[in-house]
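Take a look at the structures listed below.
Next come two complexes built around subunit A: one with subunit B, the other with subunit C.
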Partner chain A sequence: MSIAITTQFICFTVLTLVVIIGALGVVLLESIVYSAFLLGGVFMSVAGLYLLLNASFVAAAQVLVYVGAVNVLIIFAIMLVNKKEDLKPIGDIKSRRIISTSICLTLLSLLIRVDLTNVWSLSSPQNSIGEESTIRIGEHLFSDYLLPFEVASVLLLMAMIGAIVLARRDVLSKDISTGLPVDQELIEKSSEPLLTNKN
Partner chain B sequence: MNLESIPLQAFLIVSSALFCIGIWGLLNSRNAVRVLMSIELMLNAVNINLMAFSSYIDNNLIQGQVFAIFVITVAAAEAAVGLAILLSLYRNRVTVDMESFNLLKW
Partner chain C sequence: MPNEIFTINLNAQAIIPEAFILLGIVGTLLVDLAGEKTASKWAPIICYFSIGSSLLSLALQWTNPVNSSFLGSFNSDNLAIAFRAIIALSTLISLLISWRYTEQSGSPIGEFAAIILSATLGAMLLCGSTDLISVFISLETLSVASYLLSGYLKRDPRSSEAALKYLLVGSAAAAVYLYGSSFLYGLSGSTNLTTIGLEIINKPSFITSLALVFVLSTVAFKIAAVPFHQWTPDVYEGSPTPVVAFLSVGSKTAGFAFAIRILSTSFSSFDEEWKLLFTILAILSMALGNVVALAQTSMKRMLAYSSIGQAGFVMIGIVSGTQDGLSAAVLYLAAYLFMNLGAFSCVILFSLRTGSDKILDYSGLYQKDPLITLGLSLCLLSLGGLPPMLGFFGKIYLFFAGWANHQYLLVIVGLVTSVISIYYYISVIKMMVVKEPKEASEIVKSYPEINWGIVGLPPLRIALYTCVAVTALGGILSNPFFKLANTAVSETPFLQDIIAIANNIS
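Now for the complex of A and B:
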């Protein structure tokens, strides 16, 4: 990385603040739509952190896959299921919150303690391959990681077929076991057609 | 403070915080879509960890970056299948409240 160290620190601080505050917004905000868009911001800042770590290929993959595909998919899901509903109140919500927050804080302190006390065997930065990382990733994918690469393609195919099978509407006109006709009415409320003639 | 570069611990602490925020959201969300978003946050935290280790400890053979790419692949498949399951559940229950999905409760 050829950027000056001061610039690196400023970039790291800004990206970290965006990641942490954005993630807190994702889990805490009332409106789920705001959460989804903040999630996109978090993904973009994580891609920035990857760039700070000399990994331009993974940063590009992060932007393409997460921001371009996963986030758009989540926004579409929100659009499809976004119904205003009053959630039933839970009686012991306060004790649940206290227990889960204490568990998370304990885990966080444990992880930070491990991060700070363990002695990492850092390699010398002279060995860094820097901008050649894309070439090296390609060599890995087609030599020693060839089997996981092929399995990943089968996994993506299975996920695609599974998503289609799960998400499509039932097209059977008869129930298989009873033979009765299946109710195929859409569950969405029938809406007024747009552009109707009011006069 | 005279440092040559950002310390590895800084990246590790960021990813720990992101992971714990994800767990908190996973445990406390009532909306099923938000649960999926929390899972994505946790996967991103793991990816930051892998990338930091690959850059600081294994910066010649960058195997961590290859693993990060596989994690991104699996996360994309998981998001697609998870949202399809969510749509199917919504069609059956007409709600996204996590408290009403108790089909497997005895």
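Now for the complex of A and C:
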């Protein structure tokens, strides 16, 4: 075993262990803050796995987007709604857990079977392009993926406007054309709210 | 490579209709900067112009479709043009019936128009996308805009609940789609739908079936087929009614267009598998949608369940996969556009005047408001499929195409559930018409005086008249619709393979 392969193997083992243990911690730990920080660790180790696969661009994107944006957002959300609230215990939690565990295990066994039965190698072996990948992605973005790339800007613009509309405080207090008072609720008034209706 | 980039022919004229919609988005956002008063005056005009010119450019494309543009990310073939026209029309009508509703509920009009136009943009692009990435981006544009629209009346807990439920279920569906498409990319090394279809013919069937199931479940979520329908009733009940009108027609049409495209290009060699799955989805949707609609007390909820059932009818055409079947599906979607939006414009008008959408509150309405009674009755009869309405001809064509393709089970289930649906549609009509004046509901007894003068009501009136007229007369004059639907299918290159397969089997 050459040094390169040994190093790679050690890195792979460490990263995989961190991913698996971290992911278990995210799900199993009671404190949501621990879960959030462990999730950041999981994201970082996945980025490391991408690096091992010679996908440096994806690794950088993973760190920027998931650790830098998503995870920070989650932690912010936790800080902002840090309210002590006694939640009602959910009835028959045990059977729910058994059902969801069995569903997840079925899916896992399905995926393992797919992994084992399928031949993953492509018909034409492609050399890893490593460092060049960023350039290649840029070329694709401005040639055959031009349309999705441009539509993504519309998506982001609309998401931003929508977020502002939903989050801003100043709401109209009267109907623009008739001047009657408004309440920003559905025109169809209901006598009972949906949630209480069902419980 | 770098030099080649400058000489590539993009065929960008394929997305001119979408470009007009984009101009509309920018325009409505700009006038919104000038304040609410200006926005409520100018945003409607900008929307009419942008959708109108979009429809016009779609009509111009009809005779010379662009069969590949953006290096294989987008096709503007006749099928895509037909579906995009249906979506643009549904947005136009939904906007016409929404102005009064948004103003009366006190929500900003400019942003509402911009978001609904972006949803249209995503839906229209989805109809023509031929690449996994552009499918995903346009699907997300449509979905994110729909989440925002359903939560638009943020002070109402029902609206927020609808948005949250829609967001959670929708994100799960998007994730499942991405997982399925990562399988497809891993198997074929390409994101182009046609190339994937050629590459996966010889691959092991297990993983391709898994990818098929993942992709199909996303489609089923978008068209609200049972058992992926749980979000529909709550979202439809909690969203602003004009948004429901758009979701039930525009968003569903986009889902069907995507379904036809991916199933007949990428999975054309797996037609037995997907036809079986689609048959199950269709039977469940028709049965459950129509049976549960019987028990509803809220008009919006009833229309939600009925739309689940209607989606099941359209699936009969797609399962048969013949020339007639596919054109029947296109025709039925066009018919559904008019009859469903006609019904929604009546429901919106009623709730604007009374603030209620309970079916019981409609009792005795014909005394006070004959227009709503007549319009709603015609549209509901057409949805139920009674002659001589538009819906009858659409449905009979679907059943005929299914029967010719030996889909006996589907057609029989369709016929039985149609009869069930006629029962609950007629019971609403009976409620409105038969009750004596003294039996009328409290709400109808205190019905306000009819006043069409308020800003936003004239557009609603135009939409109502148009939809009801097309629904009532379109059946008799439906020959041009038949021809257009037939051309849309027969002039579309990618459908010919699957039609040939269907013809060989039968």
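Criterion: the second predicted complex is superposed on the first by the 160 of 199 C-alpha atoms of A that agree within 3 Å, B and C clash if a C-alpha of one lies under 4 Å from a C-alpha of the other, contacts with A are read in each partner's own complex, and residues count from 1 in each chain.
Note that in this section a residue touches a chain if its C-beta (ideal position, glycine included) is under 8 Å from a C-beta of that chain, and two chains touch if they have at least 3 such contacts.
Since the structure is predicted, the reported quantities are computational estimates derived from the model, not experimental observations.
Enquirer: Can A:6 be said to touch subunit B (first), subunit C (second), both, or neither?
Expert: In the superposed model, A:6 contacts neither subunit B nor subunit C.
Enquirer: Is A:95 contacted by the first partner subunit B, the second partner subunit C, both or neither?
Expert: Once the two structures are laid over each other on A, A:95 reaches no partner at all.
Enquirer: First (subunit B), second (subunit C), both or neither: which does A:162 touch?
Expert: A:162 sits against subunit B and subunit C alike.
Enquirer: Would you sort A:154 into first (subunit B), second (subunit C), both or neither based on which partner it touches?
Expert: A:154 contacts subunit C only, not subunit B.
Enquirer: Go through the superposed model and pick first if A:74 touches only subunit B, second if only subunit C, both, or neither.
Expert: In the superposition, A:74 touches subunit B alone.
Enquirer: Between subunit B and subunit C, which one contacts more residues of subunit A in the superposed model?
Expert: B
Enquirer: Quick check for you: in the superposed arrangement, does A:145 touch first (subunit B), second (subunit C), both or neither?
Expert: In the superposition, A:145 contacts both subunit B and subunit C.
Enquirer: After overlaying the two complexes on chain A, where does the subunit B footprint on subunit A coincide with the subunit C footprint?
Expert: Shared contact residues on subunit A (touching subunit B in one complex, subunit C in the other): 120, 122-123, 145, 148, 152, 155, 158-159, 162, 166, 187.
Enquirer: Can you list the residues on subunit A that touch subunit B in the complex?
Expert: Per the touch definition, subunit A meets subunit B at residues 1, 5, 8-9, 12, 16, 19-20, 23-24, 26-27, 32, 35-36, 39, 42-43, 46, 49-50, 52-55, 57-58, 61-62, 65-66, 69-70, 73-74, 76-78, 80-81, 83, 85, 87-88, 90, 96-97, 100-101, 103-105, 107-108, 111-112, 115-116, 120-123, 125, 127-129, 133, 136-137, 140-141, 145, 148, 152, 155-156, 158-160, 162-164, 166-167, 169, 187.
Enquirer: Please give the residue numbers of subunit C that touch subunit A in the complex, ascending.
Expert: Going through subunit C, the ones touching subunit A are 1-2, 5, 8, 10, 15, 22, 25, 29, 36-37, 40, 70-74, 101, 103-109, 111, 114-115, 118, 121-122, 125, 131, 133-134, 136-138, 140-141, 144-145, 147-148, 151-159, 161, 183, 186-187, 189, 203-204, 206-207, 210, 234, 237-238, 240-241, 298, 300, 348, 351-352, 355-357, 454-456.
Enquirer: Provide the residue numbers of subunit B that touch subunit A in the complex, in ascending order.
Expert: Subunit B reaches subunit A through residues 3-6, 8-14, 16-25, 27-34, 36-38, 40-41, 44, 47-48, 51-52, 54-63, 65-66, 68-70, 72-81, 83-88, 90-91, 94-97, 99-100.
Enquirer: Spell out the part of subunit A that touches subunit C in their complex, as residue ranges.
Expert: Result: residues 110, 113-114, 117-120, 122-124, 126, 139, 142-148, 151-152, 154-155, 157-159, 161-162, 165-166, 171-178, 180, 182-190, 193-195 of subunit A touch subunit C.
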